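Right, one structure below, let's go through it.
The first chain written gets the first letter, and so on, giving A, B, C and D; residue counts start at 1 in each chain.
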Amino acid sequence: MESINWRALAPIGVFFLLCIVIAIFSPNFLSVSNAVRILNASAIPVVLVMGATFVILMGSIDLSVEGIVALCAVVTASLVLNDTFSANLGFWAIPFAVLAGGIIGAANGATHVFLKVPSFMVTLGIGFVCLGIATAALGGFPVRISDRGFRALTLGRTLGLPNGIWLAAAAVFVAYVIQERTRLGRYVYAIGTDEITARQSGVPVERTRILVFVLAGFFSGLAGVMAAAQLGQGHALIASGRLFTTITAVVVGGTALSGGVGSVLNSVVGVLIVIVLTNGMVLMGVPPFVQQGVQGFLIIVAVTLALDRRQLLVVK
Amino acid sequence: MTEKQKELLRNLVPIFTLLALVLGIAAFEPGFLKPANLVTVTADTMTLFLMASGATFVIMLGSIDLSIQAIASMTSCILAALLPMFGGTALLIALAGGATAGVLSGLVVNYFRIPSFVATLAIGGIMTSVAFWASNERSIYISDEDKSTWLNWATGTSVGIDHEVVVGLVVLATLSAILSLTRFGRLVRAVGSQERAVVASGINVNRIKFFAFVISGLMAGLAGIVMAARLGSGSPTLASEFLLPAIACIIVGGTAITGGVGSIWKTFVGALIIAVVRIGMTFVGITVLAQQIVFGLVLVIAVAMTIDRTKVSVVK
Amino acid sequence: MQPLLELRKVTKEFPGVRALDSVDLHVDRREVVGLIGENGAGKSTLVKILAGIHRIDSGSMLFDGSPASFRSPRDAFNHGLTMVFQEQSIIPTLTVAENIFLGREQEFLRFGVIDKRAMNAAAEVELAKVHLDCNPATKCASLDFAARQMVEIAKALSLDGRIDSDIVILLDEPTSVLERQEIDLLFEIIKELKAKASIIFISHRLDEVLQVSDRVYVLRDGAVVHETASTEATITGLHEHMVGRQLDHEYYRENKQRELFGESVLSVRNLTIEGEFRNLSFDLAEGQILGIAGVVGSGRESFARCLGGLLPPSNGEILVDGKPVRLNQPHQAVLAGFGFVPSERKSEGIVTGLSVSENMTLAAGDRFSRFGFIKFEQERTECQRWIDRLRIRTPSTKTPMQSLSGGNQQKVVLSKWQIFGSKVAVLDHPTRGIDVGAKEDVYELIREMADQGVAIILLGDTLEEVIGLSNSILVLKDGEVSAKFQAPVGAKPDQIELISKMV
Amino acid sequence: MGKLAHDSVLLAAAAALSSGIYTASFADDMTLAISMRSLSNPYHATFARGGEEFAKSVGLPFEVLVTEGNSEKGLADIRALIARTGGNVCINVDPNDSPDAATIVEEAEGAGAYVVTQWNKPDDLHPWDHNPNYVAHMSFSGVGTSKEITNALIDAMGGEGGIVAIGGILSNVPAIERKLGMEQAVADTDGKVQILDFQPADWNETKAFEIMQAWLTRYGDEIKGVWAANDSMGIGALEALRQEGKAGSVPVTGIDGTEAALSAIEAGEMAGTVAWDPMWTGGMGLSLCHAAATGAIDVAAEPHEHREFYGTGIVVTPANIADFRTRDASFDYNDYWAKSTGQIQYQ
């Protein structure tokens, strides 16, 4: 058997360390109800990092997260019982919204691969397009969901935990199986590590790249559905601020932006670190105007501790 | 056609793209071509260019600087807060503030070996806190008197040319000289294309990276000062929404996001392309609901045209 | 009998170059064919055509009697042509089993999910063929270079038994990173394979080619200039066909070997890196060439990297000109007078994005700049002088580095330290993967450097090379010096003696 | 050359795309325009709609400019518009940040365009110093209305207990004023109401949601009321409460009068909001501007209270929501100051 790589567990160590520090300042932190709240707040980011991790493992980046989430939230809100359009698909809205995410992902991937444009620019541009469509479709007004049943998707509880957490857990399971047990997952590592060699070995590089963006689109679409259910509406700004949180979480979890190194499980830990950090900021009563500074400082500390930099010959 | 001519032509593609866009807009609205308007458009572009000019060095290293927006906002606050007390010295203090932020990014990247993406994101957070602190959490006005005494170099007009343009051209010339005529510039390019070989040649790569981040911080600081001068105030959110456009204009100009290939004049042209598209949309009268969509699409199309794929084997 | 693979009048042109000129070549069933030629002779173009990376302009390719044109390495593989590339094509972040079956996971899919157990079991079978004893679930990153090469070969062999037709295995420079024992093992494997496959063997090492091949083709300037049965060929004969002229002087330039040295430059005292090597001590004088011999894992690579400043020593002392120096960073090593030529030329030796002259003056930049501004004219003149002197084949000083051949790239790397004026040159496999003609130029250059008083530490590509070039030889075994040999001209130690101290 | 052909196809595609959404401008007509942060929030979307309604009523071409939160972009767009129309334009601007107003006025004066500003301007910049191009400045009393809504919150809480407060972007002027009003109202209770904590959520729903969650951990049942500096953040906090089954039991107030907030008030989940009247500010701002430009009014002759004035912010609570829904929101474009509530006061 392979020996356990302790270094790989460092992000978990950082997470617990952070929890201990916050708990010292604020004993309430360690309550069960707060744990549930943290998991609940992590649900959407976790779903988002599932897609983002695959993209980053491939050495690419997806900046269209906010655009896709917003557009899919709008699609979701428009297809269930709402105050603007006369649709009432109930839960059947979910496949449509997720599919919409997948289609935008396909647009990302196809543009990236066929026009040979760096993913950074493609996804930035497509992200703008998505936000633009979300704004234009509604003229700036939100679509509000009046379907109580649909909102149970995140508001309801199963076995004592909010459904959003279960959804996120399911997303992690699917992502993990894809990563470990499918060709797509293995090809992502191969391409992220050495694309030229992967191509020579017969890895269908173009198809894999497109599929990964589609997959990321699906996850962003699901996150859009969850955001719409959680806030009871869909509008263009619903995802603002999600992009950098997502990427930070992926990197804090120990996945290298250069590709090839990392895992979706690492990213889950990364999300927890980032969310606990925000949560802890309020719990510890850090003055608002220094919060961003403290957060920046702590992220540097967390990454310093968590990242296995011996694997990286160069740091970019 | 010889290789040399092809190379030259490839280099000129960003300029052709810019010309095509300008002519395209002029076809709808001939007034766009009035010299006064062209000068205004150029002047309006300069703050974006200044932000992007320094960051070009960092991107050529294959790294990225996400702190420039926060740095620019911070220096605007420092300038506005100190101008009444220290007069011209405030300019130097503000610039030093920008450079210090660059120093911090450089140190964090070099000594903690954290990817620049996260390091600069975190440093940006810290700079935002500094901006809040320096400005006492509000916008600070710059009096007309201070403005005309100390900031005329940035906002005045001489022989019909806005000073912003002059500042931009001076920066363009200086940074171009640094990039193409000095050893440092060459090493920036070298680190971006094959860092390990540069290390093995006994070059202190950390020093190169350090100075690249300092230049980036310094130029972001200068951009903040010019912005403050133009808007007559400093504010912790003054440069909001500038980050992604700044990076976009570096890449639209044809600099490779993977490093090693690029130049300052390309960033200059890239900034003009971004500005012409944005302002052009208003000029042509594209409805605001469609502007974001058009902007996103044009961004992708522009990059598809301008990037030089011959020097990059793998597009990520 | 019909040959398994046949090329008829194959021609391939690139802008300005005729890379292959009407090449006729055939490989019979169960035959090992050697293919040799200098870099630029057309070997790599030929390999790329077989691999389906390039298309032929005219002529034809027949596989098993029917016309074939492969679209990609994958396509070639599916038809029964598999290859081991010169550049390693192992993905370090994947496991051994995943690497072996990369791109061919189909047979292990159960409902779209990979059955890892089945895949690992199948990998065990392939690993057994190359006698590599390792867990197929290990990440390749944790394997050493030679083991990875074996995985690479196992990957190629996995075609055997998976398709109906006979197969051709193309081995492109498979031995350049292997040590003697592993090479012997590889030859054993080739013998076993011959029972069921045809093999094309490409190598710079002519002795090896003769040892394993039944027949040898010599390529020069894109054409087959010689074809012979191995039993009828000699190394010198093949060599002459390759370079197209008589070998007029001795290969290792032993006639130029110095026997008298200048002042002592380098003293190493009890140098240690934990887990790599221990208590290394020796002295080196101006103009002296010290060869370091040892198998992989003996610590000699780490020792070389240590002198290059890339691996900080944990203990001991290094003195240059009698003064102690610190080697914790490469730039410290360079300032102390060391010039390190790494074995991984493509990733550590050259900067691909820069031009020839920019690479040449990379280390000595201070001399070619004033207040940080580059003195372009002076740089160009100096570089042109070195280009002429070292016969570097390049259109100009501004040519991008990546468009040079391996041998010429290596000359540029060596000139970098000459221009800088290093006192001690640390050469880690300076002739790895470069062709015979270029090798001779490199040997010539090493002798010249010694003449100018540069002290040289040499980790040779072959034992023969180390013996031929060095004044004295240090043999490392398990991180410690197991023997020291003097190697003056006419009294060189022989390989057997050295090997007995190495293992 | 293949590359160029490829490029021209792309260009053609871009051109074809843009031609479809090109809105023709009329050669000699005066252009009416609105400039604001973005179309993606209901307040500004309604503001723009107000402007559009007025433009329709006078039959003039109308345009919307957005800053996307970026002052430089906002200015550049306004300059482009002024350049294109040769100054024959009326702009109703909600500047991205207060200092921008000075630059905008300067630009307008230089080109003979007419400007009305909303919300943000430096305290020492006055329309009467820039006759006739700087027509007026319209605003709402941030401190005053905030005080009123806070009092509504305190009433809903039963007059005592701890509140948590969610603010906008720290340095933003309305955010500062609203926070000040809230603090004054709390101070007036003589300690019966305490501010447990104040956190900025940058006008962002999701941030407010996460902050509210943390507060529930930190303060739990001590929280008797939630004050938010706008409705989006109020809704974010409300959703965090809903997650815990506390929606409706802890009163929440917002500001802006968005439909989401109004419905929440009707559902008994929010205790109040302040309805600005963006239809009015959008339409009346342009009407005033147009009147000055066409000479229907002589701005120089108008008193100061007609040049800098507050509009009416209606505090909507469960008690008056029914009336608010059925009120007559129409107004006469020529009765410029009917809804004014007095000259702007500086602290």
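Keep this in mind: contacts are C-beta pairs under 8 Å (C-beta built on N, C-alpha and C of every residue); 3 or more make two chains touch, one makes a residue touch a chain.
All values reported here derive from a predicted model rather than from experimental measurement.
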| item | value |
| --- | --- |
| Count of contact steps on the shortest path from chain C to chain D | 2 |
| Label of the chain whose CA centroid is most distant from the centroid of chain A | C |
| Between chain D and chain B, distance of the C-alpha-averaged centres to the nearest whole Å | 31 |
| Rounded Å distance, chain A centre to chain B centre (Cα mean) | 29 |
| Geometric centre distance via CA averages, chain C-chain A, whole Å | 44 |
| For chain A, residues contacting two or more additional chains | 131, 135, 139, 289 |
| Multi-partner residues of chain B (at least 2 other chains) | 132, 137, 196, 289-291, 294, 297, 304 |
| Residues of chain C engaged with two or more neighbouring chains | none |
| Chain pairs in mutual contact under the definition given at the outset | A-B, A-C, A-D, B-C, B-D |
| Chain C residues touching chain A - in the complex, by the definition given at the top | 51, 72-74, 77, 85, 87-94, 98, 102-105, 109, 112-114, 116, 135, 137-138, 141, 155 |
| Residues on chain A engaged by chain C in the complex (per definition of touch) | 2, 177, 181-183, 186, 189-190, 192-194, 197-198, 200-204, 260-261, 311 |
| Footprint of chain B on chain A - complex, ascending | 58-60, 63, 111-112, 115-122, 124-133, 135-136, 139, 195-196, 244, 247-248, 251-252, 256-259, 289-297, 299-300, 303-304, 307, 309, 312-316 |
| Chain B partner contacts - residues on chain D that touch it in the complex | 3, 7, 10-11, 13-15, 17-18, 21-25, 39, 63-66, 68-73, 75-77, 79-81, 83-84, 86, 97-100, 102-103, 122, 124, 169-173, 176 |
| Complex contacts: residues of chain B adjacent to chain D | 13, 16-17, 20, 24, 28-29, 31-32, 34, 36-37, 40-41, 44, 47-48, 132, 135, 137-139, 141-142, 227, 230-233, 235-238, 240-242, 275, 278-279, 282-291, 294, 297-298, 301, 304-305 |
